[in-house]
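Before we start, here is the structure in question, set down as structure tokens.
Every chain is named by a letter (A, B, C and D) in the order it is written, and numbering of its residues begins at 1.
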Amino acid sequence: MDSVSFLSVVKDYKAVFIDSYGVLKNHKGLIEGVQNSIDFIRKEEIALRVLTNDASRSQEQQAREFEKLGLRGIQEEEIITSGMLARQFLELKVKTGKVAYLGTKNSADYIIQNGMKQLPVSDVDLEELDEITAFAFLDDEGFDWRNDINKAVNFLRRKNLPVIVANSDKYYPTSKNDVAIAIGGLSRLIESILNQKFIRFGKPDSQMFMYAFEDLNRFGHYEKSDVLMVGDTLHTDILGGNKFGLKTLLVLSGNTRPNNVNLKISSTGIIPDFVSDSILY
Amino acid sequence: MDSVSFLSVVKDYKAVFIDSYGVLKNHKGLIEGVQNSIDFIRKEEIALRVLTNDASRSQEQQAREFEKLGLRGIQEEEIITSGMLARQFLELKVKTGKVAYLGTKNSADYIIQNGMKQLPVSDVDLEELDEITAFAFLDDEGFDWRNDINKAVNFLRRKNLPVIVANSDKYYPTSKNDVAIAIGGLSRLIESILNQKFIRFGKPDSQMFMYAFEDLNRFGHYEKSDVLMVGDTLHTDILGGNKFGLKTLLVLSGNTRPNNVNLKISSTGIIPDFVSDSILY
Amino acid sequence: MDSVSFLSVVKDYKAVFIDSYGVLKNHKGLIEGVQNSIDFIRKEEIALRVLTNDASRSQEQQAREFEKLGLRGIQEEEIITSGMLARQFLELKVKTGKVAYLGTKNSADYIIQNGMKQLPVSDVDLEELDEITAFAFLDDEGFDWRNDINKAVNFLRRKNLPVIVANSDKYYPTSKNDVAIAIGGLSRLIESILNQKFIRFGKPDSQMFMYAFEDLNRFGHYEKSDVLMVGDTLHTDILGGNKFGLKTLLVLSGNTRPNNVNLKISSTGIIPDFVSDSILY
Amino acid sequence: MDSVSFLSVVKDYKAVFIDSYGVLKNHKGLIEGVQNSIDFIRKEEIALRVLTNDASRSQEQQAREFEKLGLRGIQEEEIITSGMLARQFLELKVKTGKVAYLGTKNSADYIIQNGMKQLPVSDVDLEELDEITAFAFLDDEGFDWRNDINKAVNFLRRKNLPVIVANSDKYYPTSKNDVAIAIGGLSRLIESILNQKFIRFGKPDSQMFMYAFEDLNRFGHYEKSDVLMVGDTLHTDILGGNKFGLKTLLVLSGNTRPNNVNLKISSTGIIPDFVSDSILY
């Protein structure tokens, strides 16, 4: 596919959904020049939402992080994380009791709220499971992998309860060449041991797009055809956007590289409507 | 889990989503006594939607089928099929050109419309693929399995385009003991040959529930907590309903049987909020 | 990897195992020039076995086929098919009764022998399963796909017995661009419907290599380090040969093409010891 | 299936292959009474091999462990571990250089020998990979899971080399109710991150049975029909024994329990020739 100008495409839409990592920022910090693109979007009065599978931090923390990196003008309310969907699930379907979790205290603080109590797996007493009402995979940090992953397996062999995964990504980049296994990857290991499927939140699932789309419509009237989804990953951003019925634009500033974009599109069968080098031009 | 009365549960909700096969009807026809339950739902002024992964027939055809079986009062507009989501995708993302398909002429008639032309795989000329803009798996009947499945494989090896599956079920019951492979099962075979993933519509995907929920809200104000999802299959009805944030009720009149319901719930980890023998009481 | 001369490599070995399709022949017939290479192998007194996942025809039929194509000097006894392993399994583990099968009469004739009776799925009476002692997937031809695949599913839902797959390949080439789904691919569809795993024969499984290696040692003394495995497919020939402990040589005259061989090796992690354009030089 | 007497079955065979964990010992130590059965096997002059997927310890260490538990008469040479197959692979296919590994020093000591150097992943310098010739998953202990699993992922993203798994089990029992994830389970997580398949050793793979069978034949003449395979796990012991062409006997003293043996046999389609409560009678 030929690469086109992001700015010339986005100006035809009333709203844009943007992935964070690989589009706005990367392992080195802000991608240079994105401030101009955000300013352009504001000037054109295009509504903006940032859709991220990073469940480790709250909307507010992610907004502050953008500011710290030097990107101005992303509002807390414009950021939608897969962790918010996990929180919504707990509020609708679990409501009370203790939620055992693997992750950081910080991730638990914003996802497990409103009458539910947090219980890190390390503090679970395997002989006293009565009050525990759900299990949540939140983040790949904040616990001892060997002890707590094995303990989670044995916990889940003993008690049948709702199990959710707040970030369905298998891994995330930590530098130009390196990655780290994400909590979504660890949750798949445990699914395979137990021969079960947990409830996963985040792109490419339609629910993430629905949440953003409904939120958008609280501030105006938007059809799906009014919205452009922008991301760097075929399997999450583009697949999810396509399935939800949005136009999709793949950028080559992150996961998908200019030298193999055509091979990846043809081998996966996931086809964006547009391809741009980045959101800079 | 203890079995409870469906009627005593449903009366606490403003709306109910009901699966068709295994709840309202089965291979022998209408499940005896469901007319009373539908009448009860009407009398209590509970809104109703029927959610079905049967993509072979249109809303209108499915409504007429209920009438023919002797069930009165299900309106065409209350029926939501996975085929309607497939049609919506084609209208939003494909729009023009020829859509090659595996299925019956009838399934193509209601899914491939509005400026798109239908092209059964048997009529595809593998040397002339330019005008074809999408591929659709619609139904397991209406074509020669050996010739047309192999032809579909070779078509998809040559041309990279959106591929959709209008019914994601692997198989469907044809009698008390027997099943037939559904188009969702055949599509998985072709995915495995090509090493690709197609876009699938139908429960348990959130999009089906979202479609029904949005449709409901065109006629009143409903929160997710106002809706009860009722179905006979853990992996589609209950998993999908749970994930979307609805309360779920499993009936034992179809796929899931009284003698192994507890084993199935604990081995899959998919937990309904309620279990009832059927919707009769 | 740099391409090397097959002839200069093979002369250092006491025996060579050669895949048939993609190395000796292709969809157009014999690969031009292979007679010279076979003559070279004979002149150097290197022992030869042909290892093929083609279970549709017997050793004798495959030998005659080589002759008909114009390749002289391949003995019937030098050909080892995955069907022979299936036959061996039936003789060791089943022994008596009727073996229901999907495939051609010809494939049944050489695989189901010695006191066992053949029963094509189309002739199975689903109410009379007592005498049936095994089920065999033999070939993708010789039956009505829709009727007989669905019938096989319902048969296997009713009776628990040994199920074998005589050719584990997913598909096979039918022309330069086209493929056809093999019985190994169809068997996977049925595994997925039943949620079971059948017993599969053929490369890359060690059993195929063991059979050839033991056969070789009936005529002399060979260590694993004396044998070179030659094939065109990473996932069957090279993976299987590597795991069995043989040196492996990938040819680029079949499935794996010169333009993407390095990409395929690095993305699969299956690494041949040598790469040659073909066996011609 | 009806349960039969192990002793009355085994006496009809010239050799017996016995799984270790769940048949001879369990988390509490030796299974009481197995000494009598081993003595019976000796008295009847039935050849014996112990086949175990425990790659953490050498033949010698496993023999001493049996002695320490109080079981007399199991010779070092009669024990066959999946680690021995891994060692054989390294000797045949790798031969020189450094082998990076995840596992204990002890497991490396007996698997990585003869001219190859051991290199724990924690000591790998990701900028200096030239001398490393293979990667081995040996044991789930002996390393920091979070650091070293992530480091292994990034190592394998940078360098394409043979990767082996010395124990293909997903998990192993640690008490009556509890399990721990085995190195085979961890290796699958990394396969899923990299989208590759590693080379796995151990039951149910035919290679394990072939190794034992060949070893047996160094001391006499045995046909496959002379050997009985005994184990507690359908997916490893029974599946592997069946496929290799041996008669198989499932014991109910380990993984498979009397209350669900029939359900497990019918749902997996893995059918032993005999079922016994244990090897005691």
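Throughout what follows, contacts are C-beta pairs under 8 Å (C-beta built on N, C-alpha and C of every residue); 3 or more make two chains touch, one makes a residue touch a chain.
Computed from a prediction, not measured in an experiment: that's the story for all the values here.
Novice: Show which chains lie in contact with chain A and also with chain B.
Specialist: A chain counts here if it touches both chain A and chain B, and no chain qualifies.
Novice: Keeping to the contact definition above, tell me which chains border both chain A and chain C.
Specialist: Both chain A and chain C are touched by B, D, going by the contact rule given at the top.
Novice: In steps of 5 degrees, what rotation angle do you get fitting chain C onto chain D on the CA atoms?
Specialist: Here the rotation carrying chain C onto chain D measures out at 180 degrees.
Novice: Taking all residue numbers used at the chain B/chain C interface, answer same if over half belong to both copies and different if under half do.
Specialist: At the contact between chain B and chain C, which are copies of one sequence, the residues are largely the same (over half shared).
Novice: Find the chain most remote from chain A, comparing centres computed as mean CA coordinates.
Specialist: The chain farthest from chain A, judged by C-alpha centres, is C.
Novice: Averaged over CA atoms, how far is the centre of chain C from the centre of chain D? Could you give it in whole Å?
Specialist: The computed centroid separation for chain C versus chain D comes out at 28 Å.
Novice: Indicate the whole-number Å distance between the mean C-alpha point of chain A and the mean C-alpha point of chain D.
Specialist: The mean C-alpha positions of chain A and chain D differ by 40 Å.
Novice: In whole angstrom, how far does the Cα centroid of chain B sit from the Cα centroid of chain D?
Specialist: Taking the mean C-alpha position of each chain, the two centres sit 45 Å apart.
Novice: By residue number and range, which residues of chain B touch two or more other chains?
Specialist: none
Novice: Throw together a list of every chain pair that touches.
Specialist: Every pair of chains in contact is listed here: A-B, A-D, B-C, C-D.
Novice: What residues on chain D touch chain C, complex-wise?
Specialist: 88-89, 92-93, 156, 160-163, 194-199, 205-207, 210, 224-225, 239, 242-245, 247, 265-271
Novice: List the residues on chain C that touch chain B in their complex, please.
Specialist: My answer: residues 140, 144-146, 149-150, 153-154, 157-158, 170-171, 177-181, 185-186, 188-189, 192-193.
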